[in-house]
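The data blocks that follow each hold one structure.
Common to both upcoming complexes is subunit A, partnered first by subunit B, then by subunit C.
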Partner chain A sequence: MSVAKKVVLAPLDPVHDIGLKMIRRGLDKAGHSTTLFPPDYSPQEIVNGIIEHEADVVLISRTLGYGVEEILAKFVDLVDAAGIRDRVKLGVGGMAIRAELAAELGFDEGFGPGTPMEAAVAFVEGREYVPPKAGAQRDKFDVVGASPYNWKNNSIKGLLDQIAQQIISWSEDKSSPGIERAKIREEIIRLEDMGKDASQLKKEYASLSDEVISDSYLKGTIHPQTRRLEQSELDSLKQYVERTQARMNPTNVRHTLDKPGVFSQYGTGCPFMDIAHIKVAEGWGADGVIHFDPSWGARTEGFMEGYLTHQQDGSVITPQNLQAIKDALMGSTLWQVRAHRGLNTPETVVLAGHSGADLTKINICYGALGAGTEPARLTVDGVESIKLAAKYNLPFDVVTNEELCGVPAHKAFAGMLIVANLGLILGAQPILQPLFCYSPEVMINETMADNYIDFNAAKILALREIIDAPIWPGAPIGFLTQSEERVQSSVSTGLHAALAASLGVNAISIATSDEAYSGGPIAAASRVDTLKAVKENFRFFGQAKIEPTPRAQQWAAEMVTQIEEVLRNVVEIGDFVDAMYKGALGTRDEGAYPGRAGKDTVSGVK
Partner chain B sequence: MKVLGIAGTAKNTGKTTTTVSIINLWSRHRELAVTSIGYDGESRDNVTGLPKPRLLVPAGALVVTASRCVGAGSAGIEVLTKTDIGTPLGKLVIGRVQKAGLVVMAGPNNERALKYFIHKLEQMGISLLLVDGALGRLAPMSATQGLVLATGASRTTDMDRLARESSAFAALFALPVGEGSEPRLKQGSLLVEKQGEVLAAKAANYSTLEFSGVVDVKPLAALMAQLQPPLADIVVRDPVKLLLSQDLVAAADLLREYQGRGGRVLVRKQLPLKVITVNPFYPDYNEANGEFSPAYLDAVEVHRTIANCVSTPVIDVVRQGDAELAKVLDLQ
Partner chain C sequence: MTQDLDRIVDALDIETFIVCRDEEEGMEIMRRIMGNMGLKDIDIVFCQHLGPGARVRARGYIFRSGDHYGWLKEETQA
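So, the complex of A and B:
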């Protein structure tokens, strides 16, 4: 420590001196000698006291209103005119105090709300205070953690293994345009990385793509809803990122918790706007961001190239768009590029891997039953994608979005476990992503009539009875509990986050406060809303737990039994694709419709 | 080198408008330097949120401002000299304006630091330094050679009080220069009433009571009340040391009364009050919605009321224009 200072703390304020009392404690601890003046001193009395105490440093606290700043200025003037200004350092703190105002008033430093103790101590000791850069020092959050992937229900494990063997051997001699394009894409990247010409390969790629995509390679046209970003836009994007990054000091939302990691999703259509949203998410403490692509992207064979902005929701996946986004990320930010549901699933994993993504998303059952891709096609592509995810070391979540279509959780979970086990057998790292949502099934069965806790807790408990695996509720948590009202929406997200934390899950995805009902672009402020709501909930609960009622355990037990029944049924049908068509993993009545995109495109291996 | 301070009796009394006018009047831009003892250049008032005039500085002029303000305005500034003198917005630098534009200014915030820059700028060939004031702050202005005082409705909308305050202000600036007679008792500051009483008890043996620091009206009144003829000379360093009293009008009345009893109040160094500028604008506070809105007193009446009670020239810069100001300040 530097030489001990004599510090006078004076509340130039009729009532408020709590802040000063706290700072005093910090200064005393640091070995300085402090004197706290009573709150009713006039500026003249304070100056007189400073002279009598021979103070080195004076800290004034004051809440601000019109006219008050003149009292503060007068105080500084008195110190100056008394001839002691050279010997005394003056700091001012309080609500509404900013550096500009402190300068205007003639103080040496201003301390606004939330100033860390360390800043005040540094000021007293004459050191420059360097705020910790949370983002720069933070490590990437580890979603998978030390998950052992221990199966705890051998009966279910046995069924899953039979299903996995059937899927693997069925798909062994099959391919698809999606798989072929993924292979070509890997080769294009390899050639272009070496500075070689890949135009011949791109023609071949075009021949495996839908017309709107192949035209972009052969004729230079692009999808009608997209536009190429201009060089000037890319230049200003780069400047924007540099400027923003320099000012950022990301907050930590987790308080005393080790987990869950917090993910925020983006997909405005414009990579530039996406990056702005990512910066907001990072700044307000998100651990990771999730790339949302347009829904037509999942139903169209092939990806375009170039920096493309899209006029509607969802940001187009191209190698260049992904690179631009990757370049803008803070080093500690986890980045998920979703491959889960469409005709470009294998290639998405390739692009995610090559552009430095940390995570991807694959779920054959949801993609085939809830997102419109033909089951056989997505099974072939899904197996390949999982292999690629293992190759590029990308853990992937298996999201049960079909719950939103009305498929009961136990059927969606059976599908999720099939894909997860396939992942483990193929050497990948699957993450279970059950929804925390007010799904149609929940509405019909009234399992959330009293509270949102029991049924969500039951899902986690059920999965834990089957396997020790990383769990990442999504997508986003509290889905369909949120309304168009920002406060309600934020509170709901925050409480679902608290429940997730209480259940000890690894990560969560959160919505923005306007997301569920925005009907249009997401506002950056609404992203801040929910991140702050989550932070406040984590602060509120800390290590304390939320206690579900005994119903949670009952439902969990029922769910495990039901999951086993579903899997037994799939095994009895004998063919995974056939089982999907026959409704074993969700019937049409339940809202599960086998998709048609990519129908009849599965071929024997060339 | 001329060093002009532009002080305001309150926020929004027109300091910056006056500063901008003087800048416009001074054609030798390479010999001009501008700084602020506070923070200037915000587009909106830090407290009321109302729009404020910003400092437009011509190319060639020098500015003294904090490092974090250098890139903040629209002016292009080349930093010539860095110093170790700190402010809440970074360390102070001297820069040359390469491209005319708005300058965000946070300069030296105390008398000693201002003196340092006066010395430095003189060496750099500056012939006029303008020191923009801050929020009614006056103490650093002791280092200047003359003062422009901006006052008006923002100080008080009570016209009568405005007149009495302006008159008191002018009276304090008009105090004669002198050392006082021997023997003398030297003191630092006179801040609290008890000090006045303690000093009165010792004062009988001295012909002069000299203060190197600040003198407040309350302890001064307590002191003067005890003093018996022959009354001692009261000596302060400069008028500013008496100007920081809680009640300026009471201070002027007290001095007049002391002079009436035959006593003398002297300053070691004069600080000429060159001109008083008046501004009828004030931010009107609406209790109902907690917002401020712009409001004005009658400009002609404000001017006449103040001009009637001081001998210092009084100018409404906005109404009367720059020419009048140029004449009074002897600028070309």
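So, the complex of A and C:
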């Protein structure tokens, strides 16, 4: 330690001295001798006190903004007049202080709002304050954790096993263009990694793709809605990432909580803009980011190659785009590449695995009933994708977005549990993703007429009565509760995050405060809004819990019974694909329309 | 100013309270203000009129996805 100093701390303020008390604690801890004056001293009394205590350093605080310049100037004048200016170091801090103002008034140092205590201690000790090293890395958040995947409801587990065996046996001798392309892609990557020519394989790949994709391989054209990023842009991106990474010092949103991990979804349309948004999310404390692809990508057979951008929602998946994004991530950032719903589901898992993603997303039922892919196609592709997720060690969440179409939660959950159980049997690590949302079912049944807590809590309680498994509500939490007004939107997200934390779930996906705005792309600043809101809620609640009303437990029990009924119905139908067509996992009236993309593309023999 | 705007990742939002008769007038005034500031790709993100006027948030996109972003270039002192 440096030589102990005599420090006088004086609030030039009618009431506020909290900051000085905190700094005093730090100085005492560092071995300095401190004297804290009460808040109502006049400038002259403070000067007299400095002389009396033979202070080496004086720290003045000023919180109130009115008259700040006059009173501080008067204080410095009095110090000069007393003839002690040469032997006393003067520092001033507080809400009303800016460094420029302090220097102008003759102080040695000015500490603005948010100055760390260590900076004040360094000033007292006459050394330069060195902030925590930028570019600091956090530990990667473990979403799956030590989940034992213990089934607690044997009756439901028995039904799920019957369904899984039927699905596995049905899909055993089947393939699809999506599966074949995934195999070719693995081979292309293998050859290119060895520096070998893969052009023949790419022709084969093109023959299994839609025309617009095929043309990109055979004629060098690209999808009309896309543009190739130029080499100069790629060079600039590399420098941008290096510059940004050097000053990253991410905040911790979780306060005293171990979980949930916080994920932010991106999909600006451009991998470069995605990276800019990702860096914002990382800086403001997100544990992970989720790659959101365009809807046309899910309905088109095949992926293009190259660095491609476009001006629509969702960013185009290409091997190069994914690699550029991966290369820009901090080492601690979890990265999920969604594969869940379209005609490229197996290949997306391959690309996710090879690009170094940590997680993926697969749900056969949502993809087939809410996102447009034909049920048989997505079943055969889904099984293959789950096997690939196991192969590449990618835990996957099983999202239940069909709820947003109008499918009741218990039916969506039955579908989710079917896929989750299938995942466990095939050696993968599924994560349950119930929606925290203001869904059509909720609106009709008025289960959120009083609060947003009970029905969301019921979902978690119901799932926990069935299985111990990681739970990751999404996506995003509070879906359809957010408005275009950013304060409301952020508060709603923050409170849903607090509920999720209170329920002890593993992770959450959060929206931006632009979630409900549809007039243009999401702005980067809106990511900060909700991350700050989540952080503030985690700070407010800490380890305290939100208490649902008894209705939550009652609805949870009903949900478990209903899930079992749905699964029994699927077993009775005897064929999973048929069950989807027959509405067992959501009827057309409920908004579950079997998809048509990829119809009649399942081939009989692999 | 142009160089400074280049540092904006995507959009410049301006939020304020406008004394006006109704939402429509509030949005109209806000659009004029944004236009007079030289912003071109403008939208009203949010507007709610209660009591004396409207709380309005307007947005001017500086860069949309797929543009050539100014912030990608080397940062220079303003």
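In the analysis below, the second predicted complex is superposed on the first by the 502 of 606 C-alpha atoms of A that agree within 3 Å, B and C clash if a C-alpha of one lies under 4 Å from a C-alpha of the other, contacts with A are read in each partner's own complex, and residues count from 1 in each chain.
The rule is short, and it goes like this: a contact is a pair of C-beta atoms (placed from the backbone, for glycine too) under 8 Å apart; a residue touches a chain by one contact, two chains touch by 3 or more.
Only a predicted model underlies this, so the values are computations on that prediction, with no experimental measurement involved.
When the two complexes are overlaid on their common chain A, residue A:Q336 makes contact with neither subunit B nor subunit C. Legend: residue contacts after superposition of the two complexes on their common chain; A:H310 is shown touching subunit C, with no touch to subunit B. Of the two partner chains, neither subunit B nor subunit C is touched by A:T345.
Of the two partner chains placed around the shared chain by superposition, neither subunit B nor subunit C is touched by A:S214. Touch criterion met: A:T268 reaches subunit C, while subunit B stays clear of it.
Contact with subunit C, but none with subunit B, is seen for A:E484 once the two complexes are overlaid on the shared chain.
Within the superposed three-chain model, A:N48 lies in touch with subunit B and out of touch with subunit C [touch as defined at top]. Residues 227, 233, 236-237, 239-240, 243, 268-270, 272-273, 276-277, 280, 309-311, 483-486, 514, 517, 519-521, 523-525 of subunit A are the ones touching subunit C in the complex. Contacts from subunit B toward subunit A in the complex involve residues 10-11, 37-40, 42, 46-48, 66, 68, 86-89, 106, 109-112, 134-140, 142, 188-189, 191-192, 195, 212-214, 216, 218, 240-241, 244, 246, 283, 285, 292.
Taken in their complex, subunit A has these residues touching subunit B: 42, 44-45, 47-48, 51, 64, 66, 69-70, 73-74, 76-86, 98-110.
Those residues of subunit C that touch subunit A in the shared complex are 9-11, 13, 41, 43-46, 48, 57, 59, 61, 63-66, 68-69, 71-75.
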